[in-house]
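What follows is a pair of complexes built around subunit A, which joins subunit B in one and subunit C in the other.
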Partner chain A sequence: MTDPIPQCVFRAEDERYTLADYQGEEPRWCTGCGDNAILAAVQRLCRDEQLPPERTVFVSGIGCSSRFPHYMNGYGFHGIHGRSLPVAEGIKMARPDLHVFVSTGDGDCCSIGTAHWIHAIRYNMDMTVMLHDNRVYGLTKMQVSPTSPQGLQTKTTPRGAYLEPLNPLTVTLGVANASFVAQAVDWIPELMHDIIESAFHHKGFSFIRVLQRCPEFLPDMFEPWVQDPAKTLLLVHEDGLQPSPSLSKTYKNQEAHDPADLTRAREIASVEDPIPVGILYRNDDMPRYEEIRPTDRSYTPDTIKGALEAELDKFTIAPANGGEDEDTAKP
Partner chain B sequence: MVELGLVSDERRRRRNRKAAKPVVTLDEHIVEVISDSGEGAQRCGQSFGSIAARMGNGIWTVEIIPAEIQPPARSIAGASGNRIRVASGPVTNGGDEADLVVALNEQVLLARLRADELKSGCIILLESEWQGARDPAIADSYFQVRDELVADGFQVYDIPMEEECLHYVADARRGKNMFVLGMLCSIYSLDMRLAREQIAVAFASKGDSVVQTNLQLLDAGHDWAEDNLDFKFEIPATRSPEPQIVVNGNTALGLGVLASGMEVCAMYPITPATSASHYLSDVFEAVGGVVHQAEDEIAACAFAIGASYAGKCAVTITSGPGYSLKQEAIGLAVMGEIPLVVVDVQRGGPSTGQPTKAEQGDLLAACFGGHGDAPKVIMGAATIEDCFYSMITARKIAETFHTVVVVLTDANLATAQQPFPRPQFTEDWLAPPVDQSTIGMGAKPYDWDARTGLARRFVPGQPFGMHCLTGLAHDRGSRVAYDPQINQEGLRHRSLKLAALQKTLKTPPLFGDPEGDVLVVGWGSTQGAIEEAVGRVRKDGHKVGSLHLKFLQPLASGIKEAMAKFDKVMTVENSWCDSLEDELIDEDSRRYANLEWLLRARYLVDVDCWSEVKGRPIKPGAVAQAILEKLNGER
Partner chain C sequence: MSAEILELAGGKSPDAKLGGDRDGAAKITPRPALLAGYWNLTELRYDYPLVLVADDTGVSPVRSLTAVIDGVLREIAPRGAEGEAARKHVLGIEREIRGLLSADAGGTLSELWGRAKNTLLARAEGAAADVLKENLDRARSALAYDGEMVDCGAETADTLIEHIWKAVQADKIRRLRGKIEILALRLSDILKADAMQSAEARDAESLERSVGTSFRDSFDFEAMSRLLIEAPAGDPLPEERRRRIGDALSVLDSQKFFAPWDGGEDTETYTFLFDSCAAAAEAFQARVAEMVALVKAISIAELEVENGYRESKHDPLFSGFDENALSPEDIASFPSYLVRLSAGRCEPAEKAHLIELLSSDLPVKILARSDDLLEGLSGKRFSFGAGMSDLASLALGQNNAYVLQSTASHLYQLRDRIVDGLTCPGPALFSVFSGSAGSNPDLPPYLVAAAAMEARAFPAFTYDPAAGADWAARFEVTGNPQAEADWPTHRLSYADQDLQTIAQDFAFTFVDFVACDPRYAQCFEPVPADGSDAALVPVSEFIDPEAEQAAEAVPYVMLLEDGGLVRKAVVDGRLIRAARRCRERWRSLQELGGIDNSHARNLLASARQAWEDEKERELAVLKGRPVEEPEAPTAEPAPAEAEAPIEEAPEEVLEEPAGDDPYIETPRCTTCDECTEINNAMFAYDDNRQAYIANPDGGTYREMVEAAESCQVAIIHPGKPRNPNEPGLEELIQRAESFM
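Up next, the complex of A and B:
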C-alpha cells in the first residue's frame, strides 16, 4: 500500500491560515476551565507554525481534557480512557509525516493509563503531550485523582484523600529515555504558549504538565499561586524560557536553569511550592522509536511478492518432477 | 558444504550382505517421540515429519509441550516431544492413538499412557540405560513400568541409546535425538539422503563439526535399527506434482500477514500465539513492516488501531486472555469504523487455563464479548492453509467494510505442521488502496449508505476530511450525538454492514451425504477429525454428513436448509458443554457448547453437541463413536 498522500493544496502568500482555521466545534468546557487556555495556546501555535490542519492529529482519551480534539479543526481521535498514548504511537509509526498532539488528564494519564505513559516516555516518539492536570476527576463529578493533594475531600474520599499525591514531573524525569519535560500553568498564558511552542519544536516525546484550574469542583485549589507571583518559580535560560521584561516584572522569583541539567531538573520537579514553571529538561539526542524502526520502505505489490516468494522458498517441497537438489524444506 | 553420506558407506556395504528383513507395507502410522524437556524429541519428531513430507507422504505433526520451561527430569509432567502421523495420502489431523512410541525414559512414557494416547499393544522403543541406574529406585521404576507394559501386551524393545551414542558424543543427552531419528528412518524405510540433508540444514548455523557429529549419530541409529530390530515398515509415498510448503499454523499466519500487505503487527507475548510474531519479527522488517511488542495487550490493540486509523491496516495477534483485555479497544474500532485484524490463537480457558493446550472456547467471547452492540466479523481457520489465506481475506474484509475482523485459530493449528500447495501470489490479495480522490467540501466522514451502512473513510492527510473520530455515539459528521435518533441510526448502519457482507458469503460445502440421519457441524481446527470420522461412519453404511463453518459471524445463508435435510444435528467442539448424565443437568439447566448456542439461537433447531476439553486435539475415533451413539439414539 502506498501512503495516503494529501493532494497538493496551493496557497497564495496572502492565504495564510488564521486562528479560525483551527477552530472546531464550540468548546463546551465550563466557564473559567483551564482547558480553554490550553486550547487557545495550541490554536495559536498551529497558526504561528502554519500547520496544514489536515496534517495535524489530536489524540485523546476520556475525561474533560479529552474533549480537546473536538474543538480543534484537524484530524481528531477521541478514543477510550487511558489509551491515548498507544493510539498516538500507532499513528506516528504509520505516518511520521503527521503532527501528533495528545491531550490527556491526570486520571487518564496518571491512573488508568499509567503503563502507557511510562512506556511512551521510553519510546520517545515525536509528539507533543499535554497533561491537563486539574488534580481531580471532573467529568465523573469529583472523585479523587492520583495528583489530588492529601486530605482533599471528594465524593470517594469524603474524609479527605488518604495518600500523598503522585508527582507527574518526577515520575517522567525518572524514566529512561525521557527527552522533554516542562510545566506550565493555565493562568500565565504567555508562558504556556512559549512552552508548548518549545515542546512542538522538540523532536521526541515532549511532555508538558499543565496545572489547570477546575472552577466547578476545585475553584480555590490554585488561588494562592494565582494571587501571589512569588509562589511561582520561573525557570529561565538561553536554551529555555525567556520571559518578556513585563512578565519578569511580575514574576521575579526566577532561577537560571539549564534544561540539559537532569539532576537539577529532578530537584526542581520535586518541589511543589513554589510551583516551577518552564522547561525542566530537554535532550535532543535521545533515540526516537519511529527513527529506530523506520517504516518508510516502499510497500508495493512487487516488494510484497518478492519477500513472500523468498520466504516460501524456505518451506517448499519441490514437486515430483522438480529438481530434487533444490529441496530446502526446514523443520 | 558438508559432504553427505560418506560416514557410513563402508558399514552400509557390510550390512548389505545380511539377509533383508521383511518389509510390511502400511497405509499410515502414528509415531510419537517423547523425552524430558531439552533432550530434543521435538526436533527429532519435526525432522522425521519433514523427511516423510519431502518423500511425498501426508503428515500431520502435533507438539507435546510441557507447561514449564525446565520441568523436572524423568517426570510425568515433563513429557515433551512430538506426534507425527504419516500416511500414504493426505492427512488432515493428528489421528487416534499412537502405533509406535520412542521414549527416552519410562516416566514420560507413563504420561502418554495415562493420557490414553497409546494404542493397545503398540510398539514401544524404550531407552534402556535406566536398567543400570545407580539409584536403585530409578532402576526399579524402569523395570516395573516396562514389565507392566509387557504384561499388558505392549511390544516393548529395550534400546541402549545412551550406550550407543556415547561412541560419538561425550554427553548423550545432546544427540540421542538424532540417533532416534536414524532408527525411525530405518524402521519406516525413509530416504537417508533426505535425512542427511535435513540435518545439514537444521544444524547449518552451528558449523560443520556439529553437522558431522549429528550425521554420525543419524547413521548409528539407522544401522542399529537395521541390525537389531526384527521389523521394518514402508508407507508408500507419492510426491505431489505441485510444489508444497510445510509450515505450522503460526508460521502460516505470519506468511499470511506478509502476503496480505499489512505493514504493522502489534502484539504482547502470550502463549500459544507468540511464535507467529517471532516469525514475523524475523522477516517483516526487511520489507518495511514492523512488529511492535507493546507494553501490554491493550496497548498492542490501541497501537494497531492508531496505525489503521492513519491509513496502514494493522493486525494484533493474541490468545484468549489477551483477547479479553483488548475487548474495549475492539469496541472502539467497531464504533469508529476503523479496519482492524485481530487474531486469537485460542488456548484452554478460562483465566490462565491451559496455555499450551488446544481448546476452542473463545467463539462466543469473540462474537459477543464486548459491551454494547459491536458487530464484527468472526472467522475460524480450519487448516494450516486457512491460517495463511485467512489473513488475506481478513484484511480485505476489514478494509472494505471498515470494521474489525477476528480470526480464531488455536493451539492445535499453531504448532501442527501439514503440507499444502505453495501459494501463488496475485495482486488481488491486496486490499484496494485508501481512496485518494478529493474530498468535497462539507463531505461527512460517516455518510452511511442507507442500504449497506457503508461510508467512505477519510484518512489523516486528506484535505477537507478533517473530523474528530470518537468512541461516543456520533452523527454522520462524527459529532457527539445528543439526539436519541442519531444513536439509533449509528447502530443500525454499523449492523447493516454485516448484512452486506453476509450477502456475499457462499454456503459452506457439505461433506459426506447431502441428506440423511446425522449432520455434524463444526468450526476451526476440528475439521480434519470430523471429516475423517464422518468418512469412517459412512463406510459402515450410515448416512451422515458434515458442515464446517469458516464464517461464524455473519453466518452464510443455506445452513438452515442443510440442517433440515438431516434427522439429527450435532456440533462437535473442543469447548465445554454440560452433560445430561450429570444429575442436575437437564434441558433447562444445560449449558451448551459455543457453536451449539449460536446455531440454536439463530436457526431454532434442536442441536446436540459432543465436546471434549482435554487440552488436546479431538480424535477422529472419538468423533466417530459420538456419531454412532447419536445414530443409535444413545445420546
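Up next, the complex of A and C:
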C-alpha cells in the first residue's frame, strides 16, 4: 500500500547478501562429487539475484542429491522418496511469492517419482528443477538406476544392466506443456551457472538435467567427455546460451539452436554422444497452473478447520431418535 | 384555436392558410407518427428486459434477455429448417417472459421462465405440446445466465447501477480483504513462531495440549519438554517489535469496512449506500481516522513481513502518519460510496454537496435520476432542463469527475461505460432520464426514454478524465443515434386517402418528443385532411438556420391519431423556440465531442486560405518569370558511409602465467573440494566458490602435485617446486609434467 520510504533509503540500509549467507551445513558429499558444483552454482545465483534467504525454498526427495536443502540457508523440505515435486507444487500454490528450487536424483525423479515428474511438467508451475543425474544410486552404494547405461555392472545388476537407459530429456520434451528443458554438465561450471540462471528467470517449470560425476562408484563414466571437449555439443543462440570467448576456444563444437524449435530440440535430446549442453527448449507462453487456479483468499488455521468440519459434517449420522437417548442409539 | 397556437405562425391563423374548417375543440391524443411501429414493445426484440447476472465474478454483470436467448438459439437451434421449430418455441417463450415483465411481474430469469413455460404448455395440445416441452427443456439447460430481471421503468437505473456497483464493490473488497488477511496471517505467524520458542510453549502441559487426545498416552511429555528446553532457541522478538506487530494485527482484525470471509453475520460493517451527498460526505469524514489507521497498519505489516522495518527510519514516518499521508490509490482501494439521489429537484444545499464531492478525490458514485423533462407547463413556462437533468452538464465543468448521461433506454448499450465510471478511483456522476413521468399511461417508459434520446432532449455522453489529456480523448457523444446530424431522420411510410403508399423521410425532433406527452396536447393543432398544406414545412426544416424559409411557412409534425390515421399537426410557437434551444445544446455537445467543431472549422478555413494564398503567390511568381528548371538531383551520391572495420571482440585471454608459478584455471573449477581437502591453506575458494591458489607456500610441492592429479577437471598447474630441499622432488617434477 503506501510506501512512504524512497527505495534508495532501503537500498542504502540493506546489506548485500554474500555467498556465505546462503551456506547451510557443511556438505557431506564425497570430494569430487558433482553435487558440489551444482550447489556452488545455485549459491552464486542466489547471491547474484540477491534473493533473501527467507524467500527461497529448496525441496528434495531421497538420495545423495536430495541432501541439497541441508546445505542451503533457506527454507528446506527434505521429503519422501519421489515426492519432491508434489511438495514443491503445494508450496508454490500456497506461497507464490517464494522462489522454489527442487533437487532430485535419477532414482528419485526417473524411477519412484516418475508419475509426479510427468504431471509436474504438465502443470508447469514456476520452479527450478535440477535433476542430479549421475546414472547410479550412490547413496545405496552402487545400485542400478533408470539412467544407467545398458551393461553397467552394479550391485543389483552383476551381469550388467539389461535395459536401455531412460532419457530424461526426451521424456520431458514429450510431455504436454513442457516449457523449459536444458542440459548441463558439472564439469563446465560457467555453463552450469548460465543455464541455472536462465532456468531461474523462466516463468514456469524449468527442468535441467545435470550430468554429474560420481567419483566413488563411477569414476570413469564421463572421463571421455571431460577429457575431450569435441565430445560436447554446445547449443548457442541469442535466446539461449552465449558462452564466453575463452570457453568457446576450448569447446569449439557448437550448434546454433533456437530454443523455440521443439522439433530440433527433440532431435538433439536423443543424441547421447556428443553430449548436448545448453537450452534445448523454452516457451514463455505456456500456461502455469498457479495462474490458472489462483486463490485470492488466505487459509488461516481457522478457515481450514472450518472447512474440514463442514466436510466431515456431511458424514454425520443423526441418531434415530433425535439424539435424546444416546445410549440406545449406539449399537 | 387558442391564441397561443396562433402565435406560432406569426399571428396568422393556420385555418385561414390551410382553408380547413376543423373544429378546434376536437383534440387528438398526441403520438409522434414515427413511433408508430414501436407501440407494442412486448412483440419486439430489443435491449430490455435485462438479466442482472447473479454471480460475483464482476464479468459482464448484466445481459439483455435478447442476447441470452440468442446464445441459447446458437446452442440448440441449427440454422435453416432443421432448427425452425426450436427457434419458434424459444422466441415464443422470450415473448412470453417479456409480456410477464411488462405486466409488472418480477423475479429471476429461471422463475419467469418456469411461469412462461407453464403458460405456453397450457395453450398447446397433444403431440405439439410434447415437442414444445422438449424444446423448452433443452433451451432451459442451455441458459448460461440467471439473475433478477428488470424491465425499463422508473427504478431501472437505480437497480442496474446498484447491481453493477455491487459487483465492482465485491471485486474490490475481495482484493483488499485478501491482502489484509494474508498480512494478518503472516503477522500472527511471526508472533506464533516467537511464542513457540518461549519456555511456556515447551513445558509439558502445553506440549500435551498440542498433541490432541488420540495418542496422548503414547508420549512422555515431561521427557519431551526436557529435551526441547535443552535445545538451543533463537533470540526472542524485541519487545518493541512484538508490540508493533500486535498493534497492527489488532487494527487489521477489527476493521469495519467489510466483513471477513466467514464471519459475515455477526460482524458489524459500514454501509456504503446513501440517498444524499451530504450523508455520504459525512460518513466518509467520520471514517477517515479509521481508514488512516488501517492504511498505516497495512504499511507497517508489509514492512514487518518482509523484515524490512527499520526503527530509525520508519518510526518518525509512521508517528506522523495522518490523513495527509493517504494517497489517492489508498483511498481507491477502499469500498466506494454509492449515492442515489431521489428523483426530482435537487435542493441547493444538496447541489453544493454534490459539486464538492465531484471536485474531490473521493470514490463517490452519484446517481441522479430524472423522471420528467417537461415539467413546468403549469406556470406557462417551458423550463426544460431544470431540476436534476442539468447535473451532468454542471459536473462537466468540474473537469474532475467521471460523467455519464443517458436515458434509461440506452443504459444497456453503455454498460461498459457504467463499469468504467464505477471502477475509476475518483468520483462519478450518472445522470439518467427514466421516461417514467407517468403522464402518458399508454406509452411505456422505454419509448419515452428512447424518444428523449432520439430527440436530443437528453442526449447520451460520457466524460472520462482518466481517458487522456484532452477533450478528444475524454469526451464522447457516440451513443446517440445519428450523432453527426442535428436530428436523426427516419423513413415514414403511410397510405394516403387514395390508399397510395407514401414514403417520406422525417427528422425526429424535440417537438416529436413533446408530442408523446398528453400534457402538451393543446400545443398541436391537426391540419384538416382536405386542407391545402402548401405553406406547411416540417419542424426540422422550419428551425434549420441554414434553410431559407418563406415568410408564411408554418411548421408541422406528423402525428398519429386514434384509429391509426396519420395527420399533420401545426406546432405551437413556444415549442418551436424550445426545439431551437434543444438543437443549440445538442450542437455544443457535438462540438465538445469533435463533431463539426467550430474551432476546428475556423482553423481549417484559415489554413486552407493560407494555403491558397501561398499557391496564388507561387503562381504569380511563375507567371512573372520564366519557369526555372527544377533543380537536378545532385549528381554526386552521398558518400557511402565508410565501412567501419568490423571490430572483432578482443578475445578474452586466459591468464596463463608462464613460468614457474603454480596456478589454477579458476573459472573451470567445479567446486569438488578435492584440492581444499588436501590443503586448505594452499587452496581456497573465491567469492564464486571456485578454487584458486591462496598461498603457494602454504604446503608442500607434493601436495600441489597430488592436488593436480586428483583434480577432476585437471585445471591445477603445479609449476616448479618452491622449496628445493623438499624430499623426492625429482619424482614429483616428473609427475607434474603432464599438468604444465
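Just so it is clear, the second predicted complex is superposed on the first by the 282 of 331 C-alpha atoms of A that agree within 3 Å, B and C clash if a C-alpha of one lies under 4 Å from a C-alpha of the other, contacts with A are read in each partner's own complex, and residues count from 1 in each chain.
The criterion applied here is as follows: a residue touches a chain if its C-beta (ideal position, glycine included) is under 8 Å from a C-beta of that chain, and two chains touch if they have at least 3 such contacts.
Nothing here was measured: the structure is a model prediction, and the numbers come from that model.
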Next item on the list: For A:Thr263, decide between first (touching subunit B), second (touching subunit C), both and neither.
Entry: neither
Notebook entry, point to check: Is A:Val57 in contact with subunit B, with subunit C, with both, or with neither (first, second, both, neither)?
Noted result: first
Note to self: Contact-wise, after the overlay, does A:Leu308 reach subunit B, subunit C, both or neither (first, second, both, neither)?
What the structure shows: first
Note to self: After superposing on the shared chain, does subunit C or subunit B touch more subunit A residues?
What the structure shows: B
Next item on the list: Overlap the subunit B and subunit C contact sets on subunit A and report the shared residues.
Entry: 1-5, 9, 52, 54, 296-298, 303, 306
Next item on the list: Flag every residue of subunit A that touches subunit B in the complex, lowest number first.
Entry: 1-7, 9, 24-25, 52-55, 57-59, 69-70, 72-80, 83, 85-95, 97-98, 115-116, 118-119, 293, 295-299, 301, 303-309, 311-312, 315-322, 327-331
Next item on the list: Write out the stretch or stretches of subunit B touching subunit A in their complex.
Entry: 43, 46-47, 49-50, 53-54, 56, 194, 197-198, 201-202, 238-247, 251, 255, 258-259, 261, 263-264, 266, 283, 285-290, 292, 294-296, 298-300, 302-314, 328-329, 332, 336, 419, 422-423, 425, 427, 430-431, 433-434, 436, 438, 459-472, 479-480
Item checked: Touch list for subunit C against partner subunit A, complex -> 174-175, 177-179, 181-182, 184-185, 261-262, 295-296, 298-299, 302, 306-308, 310, 313-314, 317, 321, 325-327, 329-330, 333, 649, 651-654, 667-674, 677, 687-690, 710, 712-713
Checklist line | subunit A residues within the subunit C interface of the complex | finding: 1-5, 9-10, 13-14, 18-19, 27, 31-34, 36-37, 39-40, 43-44, 52, 54, 186-190, 213, 215, 226, 244-246, 249, 296-298, 300, 303, 306
